[in-house]
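Should a chain be cited, it is by its letter among A, B, C and D, assigned in written order, with residues numbered from 1 in that chain.
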Amino acid sequence: MKPYDLIIRGGTVATASQTFKADVAIRGEAIAAVGRGLGPARREIDATGRVVVPGGVDSHTHIEQLTAAGIMNADSFETATRAAVQGGTTSVISFAAQHVGMSLAKVVDDYAALAGRGAVIDHAFHLLLADPTPDVLAREVPQLVRAGHTSLKVFMTYDRLRLDDEKLLDVLQAAKDNGALVMAHCENHGMIRWMADRLVAQGQTAPKFHAAAHMRASEPEAINRFITLARHVGQKVMIFHVSTAEGAAIVRQARGEGADVEAETCPQYLFLTGKDLDRPGNEGARYVFSPPPRERSDQEALWRALALGDLQTVSSDHAPFAFDQTGKLRNSLNPTFKQIPSGLPGLATRLPLLFDAVVSKKRFGLPEFVRWSASEPARIYGLTTKGVIAPGYDADIAIWDPKRRVTLADGPIHGLAGYTPFAGRTVTGWPETVLSRGRVILEGGEVTAQAGSGQMLLRKAG
Amino acid sequence: MKPYDLIIRGGTVATASQTFKADVAIRGEAIAAVGRGLGPARREIDATGRVVVPGGVDSHTHIEQLTAAGIMNADSFETATRAAVQGGTTSVISFAAQHVGMSLAKVVDDYAALAGRGAVIDHAFHLLLADPTPDVLAREVPQLVRAGHTSLKVFMTYDRLRLDDEKLLDVLQAAKDNGALVMAHCENHGMIRWMADRLVAQGQTAPKFHAAAHMRASEPEAINRFITLARHVGQKVMIFHVSTAEGAAIVRQARGEGADVEAETCPQYLFLTGKDLDRPGNEGARYVFSPPPRERSDQEALWRALALGDLQTVSSDHAPFAFDQTGKLRNSLNPTFKQIPSGLPGLATRLPLLFDAVVSKKRFGLPEFVRWSASEPARIYGLTTKGVIAPGYDADIAIWDPKRRVTLADGPIHGLAGYTPFAGRTVTGWPETVLSRGRVILEGGEVTAQAGSGQMLLRKAG
Amino acid sequence: MKPYDLIIRGGTVATASQTFKADVAIRGEAIAAVGRGLGPARREIDATGRVVVPGGVDSHTHIEQLTAAGIMNADSFETATRAAVQGGTTSVISFAAQHVGMSLAKVVDDYAALAGRGAVIDHAFHLLLADPTPDVLAREVPQLVRAGHTSLKVFMTYDRLRLDDEKLLDVLQAAKDNGALVMAHCENHGMIRWMADRLVAQGQTAPKFHAAAHMRASEPEAINRFITLARHVGQKVMIFHVSTAEGAAIVRQARGEGADVEAETCPQYLFLTGKDLDRPGNEGARYVFSPPPRERSDQEALWRALALGDLQTVSSDHAPFAFDQTGKLRNSLNPTFKQIPSGLPGLATRLPLLFDAVVSKKRFGLPEFVRWSASEPARIYGLTTKGVIAPGYDADIAIWDPKRRVTLADGPIHGLAGYTPFAGRTVTGWPETVLSRGRVILEGGEVTAQAGSGQMLLRKAG
Amino acid sequence: MKPYDLIIRGGTVATASQTFKADVAIRGEAIAAVGRGLGPARREIDATGRVVVPGGVDSHTHIEQLTAAGIMNADSFETATRAAVQGGTTSVISFAAQHVGMSLAKVVDDYAALAGRGAVIDHAFHLLLADPTPDVLAREVPQLVRAGHTSLKVFMTYDRLRLDDEKLLDVLQAAKDNGALVMAHCENHGMIRWMADRLVAQGQTAPKFHAAAHMRASEPEAINRFITLARHVGQKVMIFHVSTAEGAAIVRQARGEGADVEAETCPQYLFLTGKDLDRPGNEGARYVFSPPPRERSDQEALWRALALGDLQTVSSDHAPFAFDQTGKLRNSLNPTFKQIPSGLPGLATRLPLLFDAVVSKKRFGLPEFVRWSASEPARIYGLTTKGVIAPGYDADIAIWDPKRRVTLADGPIHGLAGYTPFAGRTVTGWPETVLSRGRVILEGGEVTAQAGSGQMLLRKAG
């Protein structure tokens, strides 16, 4: 037999349903075999005492993206994907973000060029539709979906991004006609705007009022409405970043009634609460993201929703802004909550936080970690070669030291934002070695991949 | 003892909770006593074998009102209130309907003038807010509510009438600040518009497509959203014309959670179905009203919701248009469903239909008839002297012949529209004699009241 | 006109749906008229500043009854009904309590004789079926129901009283065949016995463990099961003494699905909690009744269930035992919770507690007080001449001083038990004068009615 | 490298989460590797165009078991396990069935001896507790659970088998104390007995009345009760053979509330309906099993519950009786439904029916087939080496021809009962070759394994 290119020897391999001791053999860019006593190979990595899992798939990230308010995210594709690798993630899906008046095809080309130049791992694009004109929907969307960009993102809130119910139906119908998926940011726009304006008028401008403005009721309302629209059209949908128990309950109820709905949450809703927004000084600005973090009881509800399969994935919603006047504190050292760009860096911390809670703290086990971090996002978004350790799949693999304790801290690991809202937490379990399509891209704490070495992933519609 | 002015002798008196044999004695405009062997009186009406109930309160009627599309309702206050009297109704609440740009106070004055000239029975006004500007909400609404117009109507659909969620919150907050009630027409605007446009584009223009355009899912969505908004503000609300089982279920669930919500339905949702829209030729146009009639299973669900107290009242939503080119068939003998003015005449038929189903067919009994037709609308809208047969209340009384069988037919009894969508049905039970504030206003089939003899009813806020 | 026998002049009269100022005129045993300026009369009672309501109907009381454990209730019919009168109640329904092996007809005769000798107010009997043999069901129940005893009580717990599911179905079927109502004490017998035995085995014998033994989950389970059985047969049922939020939720859900179910709660579940069982020494024994009192959140849930119409009545479940070795402390000054007879005196306090909370503290209003205390129990159990102030109804009337403040205390007012678990509470509102069929039976704090002057009330089946 | 013992070459391998092309290499009794181009091996099986799945795990079967009514099942361990193999199943769990008065340890020994002599595949035992005396629970259960019999079965119906609620709590508590699982047959005993007696008394004795006797409401009632008991103790439970939409809804609701509940259904509830019981003559007797088959809408609800993860497994509930006077028609050629032994042969047909519906008819896909038929039952019951194709797991493998069409028919394949209630159905997909711990035991349609070659599987508690 011809030797394998690489064998990861002696680790504990985890799939979405099982855990077992096995070697993983790689030939070229793909996994060739999973077995005991495999060999020989030209190179071996000793994984004794280590956990071997699919590299993470982060299906909700904002990279090198201009917000509707005209602020650029802190990260480039290079810095963002390097952060991802350090956190055990080997695929990202970010947004080709149309703004009003833009050609969607042009937008995709532009983002693809940026990513092609910078990304160190494989990546795909969601089409963010801020202006679904008849031409965009009738001409560009079909072409782009056929070309492999099979997921459409819509916003129900944010000026200049949000779509009203008619436009949402237009997008849902276009998705149905073309075999695409539609993901939505579900918060009630009017409620938030009304409340934010009242709060500011009353002088209640500290970061903590961001959570009051994005009142919890705005989420289940919008989820319920979006699912109603999707069911009318008969279109499958994904609810982004569920943050409340009530939101998760709406998803559960709709699924129970047969609605074709999936949903994600994010580490910030599993590990932070609204109290974090009330940190002294302007520290709370680090925790301004939308929807905002909620209560401990919501965290429990979201874990249960994951366990029950009501939610399928945990993504980062990475949307970094530096904690200075170019980002979180722009224009002012003391901005009102409405001026603070909404978002947090999360690519590097998503998986360590999840591994610690799910595996090390034994809330669940390795299969759940694999499912929520890699195999389910790969399945849902059509990344058919990712997220699984089995013959024929891309050799995107992360080898974790399940005993290593790390205290999260601000620093360049988080990308150009340079801080983490999870600073101070100690997690057990850390990715030691990471492979992308068979190449070792993280080793000894160093990202060894070259900018631009990642590939754009095209997906099949339908 | 001084003789009473009038005694209704020997009938079966019904209240919202009981039925008993008694005489009803009237002095001046009010009921003086309910008892056995009362007397003497200057006049007596023999009510042997008759049922004596409070005159109906129809809390949802459109009279002499210009639609947003610029079409005038068929009826004047005189013709509408004469129709009401013939159907056993002695109070109506119609709309002081603001259109965009109008002063609300001026609107009230104008409608009050029209009603003052024409109405033969007592009447009140809901303030219909199509343009709740800061000035309207901060200056006019407080004045008008204090002046006795304590109920605000909002639309969630119809171009030029509908309010978005922010405006709805503005109105709800103004209502809360001033102690008013808010009623809403709850249908999802975007869904209806999107669907109507698609149907028309596909050439599906017959009246029956009106029901497809107003798909049932648009109702529970909007009810859920409106209740969410109201709960955010902490404001009591009334859901108008619930038509679907799912809509009633949302109301029930919200009430169970402690929400301060009440709701009505109308005879058209209890007695008609979507099939009526598919009558041959353009006959279906008679059944174009919004929301449209649904299924038999919805009828059952609505009866149950009434029985359970989830719904409290049955109003007519009287909105008459002649069945000719001035109304239903305007511009064309064969209009598309979008061109047909939405509405039906209902003042004359509401109570006979309800009496027949609730009392004669023994689905429930007289107390439920009284409750849903008179005492509950009087309570909810603050008509504190109406809807009850007890000492001190206005002597607004209808004496029904419970055995009289009438086959409903088109004709002037229905007001200027001159037809009824219930034509052909035979009901048992008919109002024989009607009193308004002690005056006999219907006798021997003739309305004897003078135009303008009705009074405007002012209500107390809070 | 012939003078009335009595006029209650100038009070505020309340019905189940309204409140108004009126005189109430009585002729013989019945109400003759309700009106303004009525008269003349041979006697007048000045009710200025007073509230005039129907005398209370207490539909769930144990009087002069032997428990299955062989202990006699503290009260005789005379003492119990005197307590009732002092609390504003003018009708009671107690139990003709069969024990295993007894003839039901004989049981009724015996209780009727006791009541005939002692009762100072009108009274009816529920048939308590502890031994529904084929003969009892096929022969005695039809005769007794036809004779006017139209309500059957079953127990799902208590040794020697409880019926298994088959027997429950037998009784439900017999009720259906004969047009009777079935009421049930719903707690899961096995759960309670299992838990009680474990607690005692562990030495956990203090009164507070009574609540642990009657764990809250035992109630919704049994309610759900009983309703399932009743729906199988198609029989209307009444759930006695709902104590938990979950129990009320089961009732609400079943009603929403169309089940023919009504339900009551009692003051002990609205005003006491499980903490009362943990009072020092053996004081907790005063609070041993079944089901036990629960949490404050249950109280809120029960009030809401009353408001929503899920529960219809508030009865006392009067079951008095003296607080000495003949009753609560029998056999021992320090009994285990299993030995303490379960029950509390409640006839005198039911209405003052309810009036205070519902009316004086403005949680609801007078119509709700009348509904839950008098008119609804009268309607549900077929006491067609009781519970209403309207012409033709029995002149059973209580005149309350709505301003009088009374601090509840132990004493003979509570009957022979001589104590009240509500001691120490101050209530506002107290019954000043009480009439039974036109006779004044409470005046100046004195019960003036003679033992045996009450009448047995027979009811109509179907 | 040492050659493998066997390679299954070129098939489509399915796990509980993925499907991929790979060879499966076996060394000794276990799977050694899964990969592309594996080799060499001493023997190869060409699986081109075939599907390679874990051998089925049938976790609910009655083998060589005496019913409480004293009738012996048709099959021996040899005939039953041969039927299993022909249907692609490689592990069975049957019952060590205690009857009243028996020692449980003795029962296990006896069944183990029977299975040891006859079984051709690996097998485990559920302990069926018909008489959970203090001694059984305190002494035998701990020993037996520690010895590897970690699952306890209880019945809520059937005379001589059923446990009342107290006994159920005893068993649940013993399971909790010893780290065992409890499975339950949930039907309300009293309802069934009451109804069956009435039906027979009315002469309604045909097989179809079996379904009327086991009315659908008896299932959700019992499931709800059993879950209530389990939650009280804090014990994990498995609901056997859910047959109704309402039953599945109770499971879903309890899981949503956090209850530790899993559940199964069986092919008879997915593919048959109550109409099958009404076949002419005594043919309906073939369909007498409990719970009975229900409606098509229940089938849909059960498929959805599987899809949603509310149900986790599909077992056969194999309980065969010959269709003659030794079995279904015992005592009579025309027995009443109460005399017909309840049960059906299902070991051979479970997986072909499931494969056809789930895979061939594309209702779901191969991962769902694997999950419900093998990996989930293995996980739930602690068969840690079964149900998975991955290195280290037992080489229990079934190779299916996904194109083969077979029309099910009566015959010896179904074991000694010799018939199948699914006769006449054509399925696509059939197991061609089956391996048990590396041995080929089915080949060319012939079962090649020796009686007694199966091993007893012991499991770990906790």
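General remarks:
As a working rule, contacts are C-beta pairs under 8 Å (C-beta built on N, C-alpha and C of every residue); 3 or more make two chains touch, one makes a residue touch a chain.
No experiment lies behind these values; they were computed from the predicted model shown.
Set against one another, C-D and B-C show the most C-beta pairs in contact at B-C.
Per-chain Cα centroids separate chain C from chain D by 52 Å. For this pair, chain B with chain C, the centres built from the Cα atoms lie 40 Å apart. Along chain B, no residue makes contact with two or more other chains.
If you draw each protein chain as a dot and join the dots that touch, you get one closed loop, with every dot joined to exactly two others.
On chain B, the positions that touch chain C within their shared complex are 1, 15-18, 20-22, 25, 27, 32-40, 252, 255-256, 258, 304, 308-309, 371, 375, 388, 390-393.
Against chain A, in their complex, chain B makes its touches with residues 164-170, 188-191, 193-195, 215, 217, 220-221, 224-225, 228-229, 231-232.
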